[in-house]
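First the structure, in the form of structure tokens, and then the observations on it.
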Amino acid sequence: GGQDGGGGDSGGPQKIKVGAIPIVDVAPLHLGLDQGIFEKHGIDMEIQNTTGGAQAVPSVVSGEFDFAFGNITSIIVGRSNDLPLTIVANGVTSTGEQGADFGGVVVPEGSDISDAKGLEDKTIAVNNLENIGDTTVRNSIRKAGGDSDTVEFVELPFPEMPAALERGDVDAAWVVEPFLTASLNNGATEVASNFVDADPNLSVAYYFTTEQIVNQDPELVDNFTAAVNESLTYAEENPDEVRRILGEYTEMDSATIEKIRLPRWPTDGYKKPAQSIADLMMHDGVIEKQPDMDKLFQ
Amino acid sequence: MRALHILLLPAVLIGAWWVASLVSGVYYLPTPGEIAATFVEVWGTERLLEDVLPSVGRLFGGFALAVVLGVGLGVVLGLSARIRALLEPVLEFFRAIPPPVLVPLLMLFVGVSTTMKLLVIVSGCIWPILLNTIEGVRAVDPVLVDTCRCYGIRGRRWLTTLVLRSASPQIMAGMRQGLSIAIILMVISEMFASSSGLGYTIIQFQRTFAIPEMWSGILLLGLLGFLLSVVFGLVERKVLSWYNGTRAAARGE
Amino acid sequence: MTADTTTARPPARPSGAGGRPRAARRPPNRALLGTVGVVGFLLVWEAVPRLGVVPARYLPPASEVLATLGERLALPEFWTAVGDTVMTWAIGLGMAFAAAVVLGFVVGSVPVLRAFTSSTVEFLRPIPSVALIPLAILLYGTDMASTLLLVVYAAFWQIYIQVLYGVADIDPVAEQTARSYGLGRMARLRYVAWPSALPYMLTGLRLGAAVALILTITGQLIIGTPGLGQQISVAKNSDATALVYALIIATGALGVAVNVGVRALERRALRWHTSVRGEEIA
Amino acid sequence: MLDVTGLQKIYPGQHGEVEALRDLTFHLGDGELACLVGPSGCGKTTLLKCIAGLMRPTSGSVVLAGTSVTGPPPDMAVVFQEYGRSLFPWLRVRQNVELPLKEKRLPAKRRRELSDEALDAVGLLKSADAYPWQLSGGMQQRVAIARAIAYEPRVLLMDEPFAAVDAQTRADLEDLIRTLWKRFSMTVLFVTHDIDEAVYLGQRVLVMSSSPTVIQDDVSIDLADERDQINTRGEHRFAELRTRIYAEIRNASQPGAAQPQEAGKE
Amino acid sequence: MLDVTGLQKIYPGQHGEVEALRDLTFHLGDGELACLVGPSGCGKTTLLKCIAGLMRPTSGSVVLAGTSVTGPPPDMAVVFQEYGRSLFPWLRVRQNVELPLKEKRLPAKRRRELSDEALDAVGLLKSADAYPWQLSGGMQQRVAIARAIAYEPRVLLMDEPFAAVDAQTRADLEDLIRTLWKRFSMTVLFVTHDIDEAVYLGQRVLVMSSSPTVIQDDVSIDLADERDQINTRGEHRFAELRTRIYAEIRNASQPGAAQPQEAGKE
């Protein structure tokens, strides 16, 4: 470990700002801070709440954030639009278990849809269009032998999905925790695990930065990656710690925290699944050219 | 001369932008040339018909609804200090709630539909109309009020010839404000539960870092606003001809 | 002599005792009526989820939300957030107001300027602040300044347009009086244009204040700068419905407080105006 | 017809109240034409507004044709002192005149007839299509008069209606009012500052004192019913009446005009 | 002092233009007091506004003290016909009077003196702290007059300034104007409808014709310089002048008042 960090000569830990959306996925980051893992790697980190990848990307590009947590599609889209984004660590990974992932497609109580094929011709809510939700759900439908072109996707923030589902505004919704648990509690049924369908080891989001930072301060980047990896492992090994920290940086009530499904936070094998997503995005026409995967990963 | 009035300042600003974007070379600031080129490409006929027209339709619908509600409610509140005192805190409360927060609430009641989008537009652009109507109604010349009372002018005629007419300069000011807010809220309404529309398209460009495209959308919004304000100006000139006449007359023009 | 026994309904209001007080004419007790309105609203809110019009899961009854709000009020983070929000709001509104009033008066009283700027103004006005978010982040990142940019941009137009209309609404006879007595440009601005435009300006201030608050919250919600908006965003992502509504109430309450302030200002500043004096004289 | 009893009006104010009227009592018979004179600020407009039901007196009562006045009674027309502001700037001259007739549900043809007649009488038929703000002050005042006479009221209240018109027009209008009064047997209350006018027009002249205001004198004008500008004004009795009223007013305004600041502090 | 040459004013309008003034030429010497009479709507207000530099004539010129008038000249005070609207409702009576004095940069003490004096002269000292809308019509008009005289102008233009005040106050104010005029040797142009007033006040009376408007007559008033309400008005010469002007006006208003609708269609 580079004990001295980037600002070795100035002695103290290096101050950085990391943008992260306050959801389950970034629990390791908060745990790492809480457990002094970042400090140990010579990093004095401040976590700034963001509202998602779309806001995090420009902040990173403008240098406001040194690093940020963002979903894979935002990063790929940015990259294919020539933004110099580089992934430095894994973010969050699917559990790989059908019907037990931290995100999935649910249908309301009493719906006659029972599997992914049944989603044909239906209206499905996703949080962002032309993003990871609709690309992977289409993939699930195709895998189940359905026609993915007949599906209509509508954009709805996750928090509104359970209500929209219950009212019948949409036939199905792709939700992630804690809304997945909330929907299931309301009687909804899970009909597809779209992340698992795309790749059992699918990493949904990553920590990324810009090429400039990688070039200017490779040592910082290394330290950050090391700290994140250590945090990921710590989180993976201590689910109770994860549930504890969730009570601190989110507003979830303890009952929900107990029930929700946790994702996996492996520290390797996360590069290949990104290619699957890129392929799906090419297939759906979200991007026009394959991003350069080698440049995408540090 | 009029053309010069309209075009001079924009030309200067565009020039300044051009220089700035060339000099800075910032990714988020494409040159006006790029934007113009993208504009033609992006907003060709297909998008125009599929995204822009429905949005503009909703814009008009929402605005019209807001005018009816705002003026109607404004007259009632302007006339009665009692009702005003009763409702004002609640109205102010709703006025302070940002549309992105209000939308989920609306969705809860009316579902994900065109109605919801219309209501989002109404929820924002009603306020300037409402407030201005209230103030306009409160400021009706007391001598005219007395005149109407003596001649027994009541009911609808009283409303149309006295109250609405004398408040009309303020109401028009409110409508002008409301119109541009309606455009803004058209965009916001399409941030939720949409898969098409002008606002949606712009947001989508923004999310996918299609920067020149995004700017071209903003340009379109601006042009739309300008166009609507020209139309509005014509209407206003007709409706307020007496008012402008009074002023011009007194100045001896 | 006060009461008149020959008339069934004495039109008189005796200054002393002995007559029917004309309740309908007394200026309304604003605070009381306002409270009645708020309580009525809360009752409706309480009833809607309880009667099952919408599920309580998604719209918790008012009592529950107020209880949650009560808990929050004890937390220092809540007050920090309120402080951040109020600060952003006040600075943004102040800047927008100052700029709009100065520019509004200058442009409004010089017809040439007005002619040359109107097309640009009409073009810029309908551009949504939310569309400027990437630009704001690019310029100022996620600190307060980027939310400020949105706030100032949005609130500015509200006030500016009102000031323009207000300056155009000066009574020509008053204006001519001032001119004939040799009042210079500045004096006319100060003594004639300013008071004439004041009612419009105060409406503009009320509009702008609300818009500024809205954008403060929206900016915090979308960009993630600290404040109530950010807390709403966190609560939403955590599916904490009651908390979301509690924070919304806090936001709305801020709006009400702002309005009460501007109203008080208005009653002082516009004592002479028909709209205000009409309330005091029967 | 009109009974004013113990009328008092106190304006509230931040710096003390203003007692505009103290205690007015008088009676006007059906079809009478009375003129009201008094020093500036003594409360003539206030009295007129109370009679018109536009303002609630502080105490005392106004009874018109047997019913107590609480709001503007029907069939009453008022010409306001602020003539300019009593015309609707968004309506043309003719529309201003016809507006109350519409409310009376007269058919369009009849309205047209009445407005033509009234505008002609005040010499403004040619300006029927102008807006009020395109007219001179005197013309505006004449529009307000035309509106009142086109209405064919049973009771006509006029607050210095000829203040802004020239001598010649004024004389014509004075005669017009008398003619109409006779034709429709209206009850007319006419506020004026011109004592000659009051004597020439009225059957009675009520003289108001300066504040605290009471009816100081009630002069019955015993001139012949048929009056004309040259002969009547030349009569000896006319001069006598005029002098008497002049003296009254002079007395009335002796202590100085009404003083809004002081009344409340007593 | 004041030279008006070939003044013409045409109001534009949607339904044809209105020629308010056709061709006015007259000269006023320094320190002269002239009265302007003419039928209602003949263009007196228009003329006054042109002289005050508030309105641009269509053709012709106004030259005041050697310089051509393009905007309001300094040291000029105007009392507007719409007295109500010319007072600032947001200022109290005294503030209204003192406002122009502030602009003259007089010290507060002197302003106070002047406003006290002027308000006292019009009998409104006691109402100094009221708002204009708390005053009666006549009182408002007197505030406007007080403002003008407190200003101590070199040129004073008054548009029917006594229209709303009672006979007694009017007489007092007439004498006040004459006193001030003599004391400060101002140049005064005074519009009135009251021919007696014009004769009593003026050194000259300009009679305007009805539209198309020209100066129909320019009567020099050869009464003694010391005038008083009772004796002067009783003089034989006074009656003669009065009758002459009356006849002029009668002639002038014969064809009917000005007609906004028609002029443009010719």
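Letters are used for the chains, namely A, B, C, D and E, taken in the order the chains are written, and counting of residues starts over at 1 for each.
To be clear about the criterion, contacts are C-beta pairs under 8 Å (C-beta built on N, C-alpha and C of every residue); 3 or more make two chains touch, one makes a residue touch a chain.
Being a predicted model, the structure only gives us computed values, none of them experimental.
Set against the Cα centre of chain D, the chain with the most distant centre is A.
When chain pairs are compared by their number of contacting C-beta pairs, B-C comes first. Averaging C-alpha coordinates per chain places the centre of chain B 18 Å away from that of chain C. Between chain C and chain D, the centres computed from C-alpha atoms are 45 Å apart.
Centre-to-centre, using mean CA coordinates, chain A is 83 Å away from chain E. The set of chain E residues that touch two or more partner chains comprises 11, 49, 54, 82, 85.
Looking at chain B, residues 28, 108, 141, 191, 206, 211, 246, 249-251 sit in touch with two or more other chains. Residue positions of chain A touching 2 or more other chains: 58, 61, 157, 159, 163. Of all residues in chain A, those touching chain C in their complex are 19, 21-23, 48-51, 55, 58-59, 61-65, 157-159, 162-163, 166, 178-179, 182, 186, 249-253, 256.
Contact residues on chain E toward chain C in their complex (touch as defined above): 49, 52-54, 71-72, 74-78, 80, 82, 85-91, 99-100, 102-104, 131, 133, 147, 151, 157. Residue ranges on chain C touching chain B, taken from their complex, read 27-30, 33-38, 40-41, 54, 58-59, 115-120, 122-131, 133-135, 138, 154, 157-158, 161-162, 165, 168-169, 172-173, 176, 199-200, 203, 206-207, 210, 213-215, 217-218, 221-222, 229, 232, 248, 251-256, 258-259, 273-275, 278-279. Chain B meets chain A in the complex at residues 27-28, 104, 107-108, 111-113, 191-195, 200, 204, 206-211. Residue ranges on chain A touching chain B, taken from their complex, read 54, 57-58, 61, 74, 77-78, 81, 83, 125, 128-131, 152-157, 159-160, 163-164, 167, 169-170, 286.
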